[in-house]
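The following pair of complexes shares a single chain, chain A, combined with chain B in the former and chain C in the latter.
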Partner chain A sequence: MATLHTRASARLMMAPSVIVLFAWMIVPLAMTLYFSFQRYNLLSPDEHGWTGLLNYTYFLTDPAFGDALTNTLLLVGGVLAITVVGGLCLALMLDQPFWGRGIVRLLVIAPFFVMPTVSALVWKNMLMNPVYGVFAWIARTLGVEPIDWLADVPLLSIILIVAWQWLPFATLILLTALQSLDTEQQEAAEMDGAGVVGRFIHLVLPHLARPITVVILIETIFLLGVFAEILVTTGGGPGTATTNIVYLVYSQALLQFDVGGASAGGIVAVVLANIVAVFLIRLIGKNLDR
Partner chain B sequence: MGSIHLAKVTKSFGELTVIPSLDLVVEDGEFVVFVGPSGCGKSTLLRLIAGLEDVSSGQILIDGADVTRNAPAQRGLAMVFQSYALYPHMSVYKNIAFPLRMAGIDRTVIDAKVRGAAKALNLTDYLDRRPGQLSGGQRQRVAIGRAIVREPEAFLFDEPLSNLDAALRVAMRLEISELHHQLKTTMIYVTHDQVEAMTMADKIVVLNRGRIEQVGSPLDLYRKPRNRFVAGFIGSPKMNLIDGAEAARHGAAAIGVRPEHLALSLDGGVWKGTVRVSEHLGSDTFLHVDVEGVGVLTVRAGGEFPVHYGDHVWLTPAPDKLHRFNEHGEAL
Partner chain C sequence: MARAVTTRRKALLTVIGWTVGFLVFFPILWTVLTSFKTEGEAIANPPSFLAFDWTTENYTEVQHRSDYFLHMMNSVVISFGSTALGLLFAVPAAWAMAFAPGKRTKDILMWMLSTKMMPAVGVLVPLYILFRDSGLLDTRVGLVGVLTLIDLPLIVWMLYTYFREIPGEILEAARMDGASLGKEIVFVLAPMAVPGIASTTLLNIILSWNEAFWTLNLTTSNAAPLTAFIASYSSPEGLFWAKLSAASTLAIAPILVLGWFSQRQLVRGLTFGAVK
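And then the complex of A and B:
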């Protein structure tokens, strides 16, 4: 198959799509990179020119940057923790035979199909609202002072909303993985005297190591860019309590009209994402090549 | 030590009755083989004994104690599965040590036992490998190692050799027999390979549709099959079963004669036939001979027998080796 000739023609055939994809990626990146070294504010469009690293200095020394970085990591970490643990529990439950399992599976998967803005609005107005939200009603029914979620614990609220959206994804992946667990292995372990907990620790968890890794990697990619949920609920506030890096870039570009600063922020976000990616691959990537 | 007693055991999956009432006694130290065609309930029976399935009714006694409601781990049995069911993410060492770790045994004791078992099974060089890095025969030995370290009351094997190639199967068969002689532990072994059954068993249990057709030593079953089913199942190649006029001549609804009990001659005999396919193995020659009014018979000739497609031969059944069956298929 792999003669020199076929390989050369294969390259030729692939070239158009590779070139288009490459251009698709490299042009915006190059433009962002270019703008990040420019002084370019839409409020004073005539003052532009090279500024060196000034945009970066401003972005990185902005007191909001530290908060945004912490918030980003807390958001990603919190959602990951909830979805992996919760997804594992749900998957284990849905793997058991019980009456109405088909319906329950469908319901569990449903949140994934709701658009982020819609689900964030539903959470904001129907569930977390301190006056007429469901949580407030429950609290009052129990005789407790209701919490004003988005004002008092804004980051936790965002984490809950985003986790709710990603829980189905984790559940689905882990459920399919559970279903591929060999039953004879389970039975062998049962005969070997392993109880439910023993089987979970020694068989199920190692079996799930790889799918859990996949869940973590894929979710991280998307969670670094959470935006819509923040925009429609807290608008990054109160203060910078729920501003993550992406939202900070947005507020630079579209609220302060600073294209140069926003581009620098974008590049910083790309670098950060890559750092996280390298870190993750180092940490758990070995689960993937077995 | 390890006697197993099944009393009126039945098993149904919903509407489907896989095992209608069945009684069986396995003596301590015996090597018992369950044989039968595919789907006859061999695995199900083994899993009932193991406790991996609940009986629908009846009792299972081990050493006289009723274990019908006991969990698998409490029955003191070890099972070797057809797929080996090794734990893929654990090394060979950890696989073998697993039942001991679950029993909370001291680490040094575990180490000694695991190394002992590994030595007995020639696995010492592979202790650090994962199951995925082993050959089929080695995996099989790991599965056996995991079973023997527990020192169970009895071993249960469910077609342990069916994933191996022919040569390895013969070698492993010997190893398991050897192991049985060393350990003297009760073993129950499921197979549908009747050569395995004949060579390994102290006692063969022939199953058909969940019922026991006959229980006995291999040679008992070979010499005195109780019915047509057992007659056709035990022995290789299969016994020739003849009905019709030829059987009526012997006062039976059907007669059976094994390929090795048909004398071959080029000059004369009882039945004259035409040779169809002939299989020359060197040590044996198997001829498929078409006899008019009788049908195609398989004949075994020791050594070489130079006939070919279309040749005429004479067959003579050994009179004292003839099996006669009535219209219900029972031996007369």
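And then the complex of A and C:
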């Protein structure tokens, strides 16, 4: 039905979005790329010039980079493990009928709507403080020596905070998927004598394979960018114990004013994120064809 | 489900369910409770759960000392502004993609999605410099602009998945009756598109309200929204737990309520329609 006329107006309607997004994608990225080959520090703006790959060499051979890469992977992996397993358990629980299920579901998804700076500060102070925190009180009640979470196990603490924020996301998506599971098929399997475990492995899990993949990929995109939680709790420390790639680039740019080095780091972060993005885009693209 | 659920089983599940729900919700509950305590009771040991002198002075104190409403207004302007501007760009685009798809439509959609994958930190340096040189640092206008661009792919996608569900036959019928494109949009399609636009708006306001990379890096004080304002409590001299809790409660309450209303849209929006 699309006539020449409607096709022309369709193009006109899409143009503004495409143009601004194109500019948004190309201009800053090109600048980052350009800066990454420059010697450029905001504190000494006169020394300016090409340095070839020197910024990359510095960034990639800096021991902090190795730490940051490890921390980034541990953070993403740790949060994914907790949220996928925890989210699956919560979704299975919320799929069962019980009294007040609607309210419990609201309670469980609530953390997702808490802004990152609030959740990080609430956990850091009121829960994880080694003297006045609730965790310390629980530990003492049980007769255990309380631990200083953010000093003794800083990365684990950050993982817990971020996992708490993302648990609702995994739960909600897996629950939505569970609810679209064919109940007749379930009942048929039950009639044929399949046990709870058998039904879970052969019916439920295969059905959840796709949503779990979606959860993993989308969370990864966001988790690679974790920043606020680190900024307000540990500031990347102690040492580089909680510095991830994002925080490392941030500290080079806005704390050390090293534009060249930070830009090289930014490009490295873009490359890393793109590796994940390729998989996600393929998965969602397949969905478009249906 | 036809299966009979025994009352015992249901009672057991109820206990487990509520316990787990309580545990997950506890940090938020604790924040709300602490906001009504005095600073002394906030760090009392053992902690008092309900038996304390309830006070609302933290709330007045927070406004008094740090002009809370300025930051609240910044959050409102930034999240509503970027959402409105994003819709202005996205509605026509999603519309065209859903109702007059061409050969390239799918490619354009996937490309838009890919811009969302670009890590913010990759463009932090140039954006900071551009903002500094053009005087946009710490302004609401600057942040509205950046958040609009960040949100745009998601808005287009969400709208597209909603618009695509509007049956095309209705369009053809309207065309047969001789309706122009303009009339077609205003009288036939717009009423059917409103729910999708509303859900998109809601989810996007929530996401921009909580955005905490650009708001932290591109503002200092004047344009700082609540995310950045709360972050100022991280300094050691700012450790007043009761006041931190009061400020936090105010910052999350409105968005939590909106969020509870938008559960289903959340799934659809954040998975780009991959899970419905």
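Convention: the second predicted complex is superposed on the first by the 260 of 290 C-alpha atoms of A that agree within 3 Å, B and C clash if a C-alpha of one lies under 4 Å from a C-alpha of the other, contacts with A are read in each partner's own complex, and residues count from 1 in each chain.
What we mean here is this: a residue touches a chain if its C-beta (ideal position, glycine included) is under 8 Å from a C-beta of that chain, and two chains touch if they have at least 3 such contacts.
Just so it is clear, the structure is predicted and the values come from calculations on it, not from any experiment.
Undergrad: Quick one: chain B and chain C on chain A, clash or fit?
TA: With chain A aligned, chain B clears chain C, so fit.
Undergrad: One more residue to check, A:Ile201. First (chain B), second (chain C), both or neither?
TA: Neither partner.
Undergrad: After superposition on the shared chain, which partner residues are touched by A:Leu53: those of chain B (first), chain C (second), both, or neither?
TA: It touches nothing on chain B or chain C.
Undergrad: Can A:Gln185 be said to touch chain B (first), chain C (second), both, or neither?
TA: first
Undergrad: Should A:Leu255 be classified as contacting the first partner (chain B), the second (chain C), both, or neither?
TA: neither
Undergrad: Answer with first, second, both or neither: which of chain B and chain C does A:Gly193 touch in the superposed model?
TA: Touch partner of A:Gly193: chain B, not chain C.
Undergrad: A:Ile275 in the overlay: touching chain B, chain C, both, or neither? Say first, second, both or neither.
TA: It touches nothing on chain B or chain C.
Undergrad: Angle at the Cα centre of chain A spanned by the Cα centres of chain C and chain B: state it in steps of 10 degrees.
TA: 80
Undergrad: Which holds for A:Val85: it touches chain B only (first), chain C only (second), both, or neither?
TA: A:Val85: touches no partner chain.
Undergrad: Taking the superposition on A as described, I'd like to know which of chain B and chain C A:Pro16 touches: first, second, both or neither.
TA: In the superposed model, A:Pro16 contacts chain C only, not chain B.
Undergrad: After lining up the shared chain so the two structures overlap, which partner does A:Val134 touch, if you call chain B first and chain C second: first, second, both or neither?
TA: second
Undergrad: Determine, for the superposed model, which of the two partners chain B and chain C contacts more residues of chain A.
TA: C
Undergrad: Once both complexes sit on top of each other, what is the least C-alpha distance from chain B to chain C, rounded to whole angstrom?
TA: Between chain B and chain C, the minimum C-alpha distance equals 5 Å.
Undergrad: With the touch criterion stated at the top, can you tell me which chain A residues are shared between the chain B interface and the chain C interface?
TA: Correct list for chain A: 187, 190.
Undergrad: Using the touch definition up top, name the residues of chain A that touch chain B in the complex.
TA: Contact set of chain A toward chain B: 182, 184-185, 187-194, 198, 202-203, 206-207, 209.
Undergrad: Any idea which chain C residues touch chain A in the complex?
TA: Interface residues on chain C, with respect to chain A: 1-3, 5, 10, 13-14, 16-18, 20-22, 24-25, 27-28, 30-31, 34, 42-43, 45-47, 89-90, 92-93, 95-97, 99-100, 102, 106, 108-110, 112-130, 149, 152-153, 156, 168, 171-172, 175, 181, 206, 209-210, 212-213, 216-217, 226-228, 230-231, 233-234, 239, 241, 244-245, 248, 251-252, 255-256, 258-260, 263-264, 266-267, 270-276.
Undergrad: Over in the complex, which chain B residues touch chain A? Could you list them?
TA: Of all residues in chain B, those touching chain A are 50-52, 71-73, 77-79, 81-83, 85-90, 98-99, 102-103, 146, 150.
Undergrad: Considering only the defined contacts, which chain A positions touch chain C in the complex?
TA: On the chain A side, the touching residues are 1-2, 5-7, 9-11, 13-14, 16-18, 20-21, 24-25, 27-29, 31-32, 35, 90, 93-94, 96-101, 103-119, 121-127, 131-132, 134, 137, 141, 164, 167-169, 172-173, 176-177, 180, 183, 186-187, 190, 210-211, 214, 218, 221, 224-225, 227-228, 231-233, 245-246, 249-250, 253-254, 259, 262-263, 265-267, 269-270, 272-274, 276-277, 280-281, 283-285, 287-288.
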